[in-house]
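Naming follows writing order (A, B, C and D), and every chain is counted from residue 1.
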Amino acid sequence: MDPRDPRLPHPQANQPGPQTGRLERAPTIGPGHSFGSITDKISTIVLTRKTSGGWFIGFGIAFAMMMMMLYAIGWLLIKGVGIWGNNNPVGWAFDIINFVWWIGIGHAGTLISAILLLLRQSWRTSINRFAEAMTLFAVACAGLFPLLHVGRPWFAYWLLPYPNTMSLWPQFRSPLMWDVFAVATYATVSLLFWYIGLVPDFATLRDRAKSRPWKILYGFFSLGWRGSAKHWYRYESAYLLLAGLATPLVLSVHTIVSFDFATSVIPGWHTTFFPPYFVAGAIYAGFAMVLTLAIPVRKAFGLQDFITMRHLENMGKVMLTTGLIVGYAYVMEVFYSWYSGNIYEMYVMFNRAFGPYWWTYWLLIVCNIVAPQALWFKKVRTSPLILFVIAMFVNVGMWLERFVIIVVSLHRDFLPSSWGMYSPTRWDFMLFFGTIGLFLTLLFLFIRFLPMISIFEMRTLLPEAQVHED
Amino acid sequence: MTTGRRHLDLAAFGARLSGENAPEYWRALEELAEDPSLHEVLREELARESAATGEGVDRRDFLRLMGASVAMGGLAACTPPAETIVPWVDAPEQLVPGRPLFYASAMELDGVGAGVLVESHMGRPTKIEGNPDHPGSLGATDHFAQASILSLYDPERSGTVRYTGDVSTWAAFVSALQATLQTLRGSGGEGLRVLTEGMSSPTAGSQMREILQRYPAAAWHTWQPVTRDSVLEGSRLAFGRPLQTVRHFGGADVVLALDSDFLAREPGFVRYTRDFMDRRRVRAGAATMNRLYVAESMPTPTGTMADHRVAIPAGEIETLARAIAGEIGVGTRVDAGARSAWAEAVARDLRAHPGRSIVLAGENQPPAVHAIVHAINAALGNAGRTVHYIEPVEANPVNQGESMRRLATDMRAGRVRALLILGGNPAFTAPADLEFARAMDFVPFRVHLGTYYDETSARSHWHVPATHFLEAWSDTRACDGTVSIVQPLIRPLYNGASVHEILAALNEDIRTGHEIVRDFWRERARTGADFDATWNRWLHDGVIPDSALPPVSAPASGAIPAAAPRGAAGIEVVLRPDPMIHDGRFANNSWLQELPKPVTKLTWDNAALMSPATASVLKVANGDVIEIEAGGRTVQAPVWSVPAHADDSITLDYGYGALRTGEVGRGTGTDVYPFRTLAGGDIVRGVTVRKTGRRVRLATVQMHHELAWELADGAGARRNIVRSGTLDRYRENPEFLRVPGLEIKGGPSLYPEWPYETYAWGMVIDTNVCTGCGICTIACQAENSIPVVGKEQVLVGREMHWIRTDHYYKGDPNDPDIGMYNVPIPCMHCENAPCEPVCPVEATSHSDEGINEMTYNRCVGTRYCANNCPYKVRRFNFLSYADFETESYKAMRNPDVTVRSRGVMEKCTYCIQRINEHRIEAEKDGRRIRDGEFTTACAQACPTRAIRFGDLNDSDSDVARLRAEPLNYGMLTELNTQPRTSYLGALKNPNPELARRAAPASSTEPAE
Amino acid sequence: MQVFHRSANTLSRFSIFGAVFLVAFALWFVYQLNRSPFATGQRDVVTQPVPFSHEHHVSGLGIDCRYCHTSVETSSFAGIPPTATCMNCHKQIWTGAAMLEPVRASLREGEPIRWQRVHRLPEFVHFNHGIHIQKGIGCVSCHGRVDQMPLVWQEKPLSMSWCLECHRAPEEFVRPRDKVFDMTWEPEDQDEIGPRLVRDYGIRSKTNCSICHY
Amino acid sequence: MRPKTETWGLLAEFDDPTSLIEAAEKTREAGYTRIDAFTPFPVEGLHEAIGFHHTKLPMIVLAGGILGFVTGFGMQYFATVIHYPLNIGGRPLNSWPAWIPISFELAILFAAFAAIFGMLALNRLPEPYHPVFNVGRFVLATRDQFFLSIEASDPKFRRDETRRFLEALRPLEVSDVPW
């Protein structure tokens, strides 16, 4: 038999047994794993021939919702923004609400992979790939809305600075222009960050894949990665640098999104502390969404060993913290609207709490402030089911927060004569749920065809990975 | 939407009808018409037509779809299709391509003419302005004149002569007419009846007299729904003959209006408003105002101007009038009950101003009230000073109600052989108790001259399309009798005929309308030879000099009629013409339909207007459809509660609900004519009200969805949007409305000021003289080709008007003397415009003359600017609102303004097209634009001159001086927007005696 | 074991650079295309119902522009001559010419001649001939040497950036008023007369949007 | 292009990072220079072990960042102040505070590009074909095995001598790496 056959363990291949004895267990990965077992466990999810029926059902539903989105978009292009509920004075509604909501969700990924990396939080390892993918898909959904909300989408390219026969340029004072650059940069950098993280795992898949087409496909994306020490060295420094860049970036993106409102004159928008408030909210929403997705996936693919209780608990803690920050923001809003002595500010707060949309405000308080208080208890933080429910509350709450900020501020601003009401149409809802469909569709494809957990980083978590001088 | 239901198959319908002979045919159609299923069928027809055009039923939807396809087409169309230039074969004189010409003409409505100047581009009338030389206009117009340009091009106007509904020809009609006349000639025209609207055309009058000489047995009847019978009857009571009152508000210090909306409704209001307001312009050094007392049921623009107002049912005005008369010494003292204090105070004030006051009564008040008013004016020595009397300007000043009653009776009795209905739609508008439509069927030969193929046309053998006043020659008299020649600007678009031409045909007169009018005046012009010169001068000036009717000395018999027995108590219904579509003739005019009605701000509908108190007594909310019953007649209408409306009184506007109208008017409002009878008059007392349980949504442009009262009032005041006080406070300290820290300029700023060296355009709006009539809005709409959006879109808050008039109340809603204020709001053209920095594509920017420019073709439609506009004056084309299909509208539009497509933001531009035009002209002769050389469309049309526009850099320009007035203030200046549009505060001039009852002036005064 | 052949290395690196250049080229191409006569319609001759030769009438017969384009000084629209104007001369000369049949027909039947528009601005652009003439901008500046065009074509791109060239620096294009209609006039020293004329004619360089767009 | 040597070099396989590092250090001490190691994950200190000490990546990234910021600010200044100055809401032409966000974003973007493409360039990736892949067991380099390579182009490389040297390091196996 050919000694080069990789399928055979080497005659002298040593057993992991002896070492495990003299090592304390790494808390972020289940016991009894070796380099090989991790590699096989994760890569089989991708490489296994047959796809589970559950996946097909889920994907089918998601895909149907995405088709609904395309229908809604088609009709929008035919008829115009008027098919939505937007009006005068409520010029922005679901379109921008959804944009901000998705962008917010898109923050957890980069945050987890970048900031936690810089903070040397090893527990990030098993969830960062997943969270980054989520980020990308969320940003993709978010990106749709600024494009579609304009009255003449076919001229949206005017927002790009390019030399033209009108010798005109975009108006760079507009926060919308800042958005264009911020979101585009964020999407690009996240994508690169994600892809670079995938390269070594592509190599693994290349070497594990059975059929030649798959070998070629994965090989193509692996860029010929061979794990050279020099490569690893440059790779790690690049990865670290990217993390260093992504951290201020992720903070800047939602800051700039908040500028859309903060730099305007509308009472309830014109606020200096929107940036920190929005960033905290974004992290809050992001982690909620990670939990919403991670808990079912972990169950479905039996990844309890990799996404352990500790991960869930930590995410719960992060949510509790950011939730409290957001709560503080809500309180401050009320306070300074009173303290400012500005009748418009005062009225906006009054209107939020007791105006025609009072219920959105109070529901938002319940979802974003009351519900998460349960996270004080370890019992709650360590119960996947309850965590999932709370995460759901926060998802809804954060959407409502944007509704309150955007619609409820706009519908009654300065001149009582021009006050109005807003009510969404079925097209608003179709587009919103449609983007959720898009998000899930991409997610299903991801977990089927790419390793949803970073294999090479998981390897480093093993005790055997440590080099011991002796 | 029509599956499985019966369709009106027109072919089969026609066949069935043609199978039967004429009389039966008429009965058949009549049965159909009375049969509600016909309405249903028609609705189905309509539905079926629009089903093809996508979801929704109305025309707008169709346009949206088309607009969308246009927009998609725009995607593909990188190279536009080839254009052709079509020059003249032989160019006409004095016509320079690309430059407009102005012609003087006149528009007659309800027998009263208003002089206009019509702007014409390459032979297409595009805009109507007032004629400064015309006594009834003084350069301003009413909203009907502004909107009439749309009616001219209305594609749904009747376009052809019809016989029993089938297309026919003018020649055929004339020969048929002649044939009928032959049969009548023997009997001296026995049975020949001509029914005209009230008209003041001297030519038509003389034509009719000739006809009546020819056919002595014939008769001339007159009916206009907005009748002035009680005015004439009132003067008969007072003077023994019908006379018409001409008022001189310039000399009046005290005015008492008894249910009279003389500032925005009644004939000649454009002139009267101007005179009246000239006495209210408080300027530094001229702190004088007249004082206006108003007693009315429904708050009107006149009511909003009142210094003291009582809201009482129209039916109790008479009592109040008698009480005041008694106090003045006319007739016996009468106890006015709760209002006696008010009556005494008013009487005292009037007595204190003998010869310097005016008392007037509303047209729908009974004759007695008018008689009392004449008596009071006589007693106060106003007659001959502030009021004088002239012979009626109408050509046929008869009691129209009576005239109609006689006609209807004769028709039933078969005494009418031939009926010529010249204009109007009596089958729809005639008093319900005459059942005129039914009576028509007894007449063997019926002719209708009308602009639309309407109810009356459908019941006539012959329908002849009528010309628009811009299409035919005529003449008309202003409210003081001054004559204007009605000069056409365009050949009839829908080959119509004018009244003169029909009468000529009746007279076997073969002259053209032009010759008829011209010859009539040649005889009267005492110029003889050089008549042509005279005639041309008349045409040029738009008026015939010294043609005003001479004052007649009419000693009023001091006696006033005894009080009639009070009608049944309880709730009353007051019927009045709709402020916008009038008696229904403008139902197909979408501009007027969408123009918010004063005070209520309703569009596209009429409603049962009542006070909130009455509404709560009846336990009805806005939109609840109620059924009102009186004397066996019922009408159903949705409720709309109006603060400051009199309790126990319901106001119903008639004119709506016609079944046979164009797509625009169809299905709007409810028909309340069935409630309007000769017997009952316009004030029906003792009605019973029942809830039907149905609800309809009413489209209002302000306080959508019933905004809470406190907010509307309190907020408006605290926010210093409205600033008002009393004349006395002003006299103490002219600056008393200034708010420290809220100056228009001078707030701290990080930015250096932008210089505006050449011109600095600005606008000042005097809220003290704004009646809230809405004429500025429709003038702007006409000038700037602003689309209408339809009721559904107004309901979701997407109306497109560039200038709106906000209506604010002051004080307690239950206070009868509540303060009401009108604030027109165009774009403020802020020097630090919040809308501009947020636009990502430089679609809105600032010109070097301080205009906040909107570049439509660069706009991508993010709507960020609209969000960030504190005044919410920006309007977005959410759908394709502009009508790109209808050919005739293309001809109507102002060629100097771009038509905005879907997805584009638009807003007031200070009429930039006019600015540019006049800058270019000035540059050509190397001078600056003179102050008053031109103005914006809103300012030009405004009857009260509340809006002034000009160059702020020119220190002695009108607008610069007003901006320096102590009453001048800017809106929301705490945002340091530095608006170019500023306001003058509103003042009331309360009677000290009643002052304590006046709403606390402080409530809209800035808190120092 | 190898998945790829040796050449894959070169191939992959080459394709990366290739992609970069491809994109760059595409952008450059579109940029050029938008400025090319293909997009602006410059210099393509429009066939007219009557092959009217400006070359013949202007340089040949020396007819002044304003003889036909009567309203060019007073109006926004330069004006297209009515058939009557053509016939002023052509009822004496070339009375039988087949080429002129459409003109005679037009007069006979009172049917206007439908000319093809050559210089076309979008409807949201408002251009006023009168003021430009008044401020000393020659016909040639925008229409080119019409006196050398047998059939008229569009000489300049008529793009917004082209308009701005002059609106930003009028002194480079302004000419004495009496030379406005002169097809052949060339300045001896534009740098000298330009600023002077700008001063004399009170020309202000206006580049804000509402000068043309409203 | 292929050099003269008949093979690419030698590849020694180990099954844990520690022994690999020891082997790498020995090899370097033995004076070999063209050596490399292949591991399934980044192993701490391995690059020193094979005598590879620093990378100029950070400098490249810094340069990218500065370039991005300058580009962003320059573009906005040119467009707004020089090329088409317009009065926008009475704000000054050079509203530099408003230029910051975009300049910042572009700085990040350029820096990120510099980091990624700089890393790939320095690593001479993509390189889908590499001789080491010819060794069958090398597929385990992306699973759980650790490899040490000495290239034939190394001046000290003598085929048998070097093989003997490597076997002395007690690897699981030493294999030739054919071209």
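Just so we're on the same page, a contact is a pair of C-beta atoms (placed from the backbone, for glycine too) under 8 Å apart; a residue touches a chain by one contact, two chains touch by 3 or more.
These figures come from a predicted structure and were not determined experimentally.
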More Cb-Cb contact pairs, comparing B-C against C-D, go to B-C
When the mean CA coordinate of each chain is compared with the mean CA coordinate of the whole protein, which chain is closest? B
Chain centre separation (chain B, chain C; CA means) in Å: 47
How many angstrom between the C-alpha centroids of chain B and chain A? 58
Roughly how many whole angstrom separate the Cα centroids of chain B and chain D? 81
Where in chain A do residues touch two or more other chains at once? 167-171, 173, 177, 206, 219, 223-224
Which chain B residues reach two or more other chains? 834, 837, 842, 845-848, 858
Any chance you could list the residues of chain D touching two or more other chains? 84, 86-89, 91, 95, 98, 126-129, 133, 136, 138-139
Please name which positions on chain C make contact with chain D in the complex. 1-9, 12-13, 16, 207-209
Using the touch rule from the top, collect the residues of chain C that touch chain A in their complex. 3-4, 8-9, 12, 31, 34-35, 157, 159-161, 164
Complex interface listing, chain C residues touching chain B: 41, 70-71, 74-77, 79-84, 106-107, 110-117, 120, 122-124, 126, 128, 130-131, 134-135, 202, 204, 206, 208-211, 213-214
Considering only the defined contacts, which chain A positions touch chain C in the complex? 163-168, 206, 212, 215-216, 219, 223-224
What part of chain A is in contact with chain D in the complex they form? 2-6, 10, 12-14, 34-36, 39, 161, 167-173, 177-178, 181-182, 184-185, 188-189, 192-193, 196, 200, 203-204, 206-208, 219-220, 223-238, 241-242, 245-246, 248-249, 252, 256, 259, 456-457, 459-460, 464-468
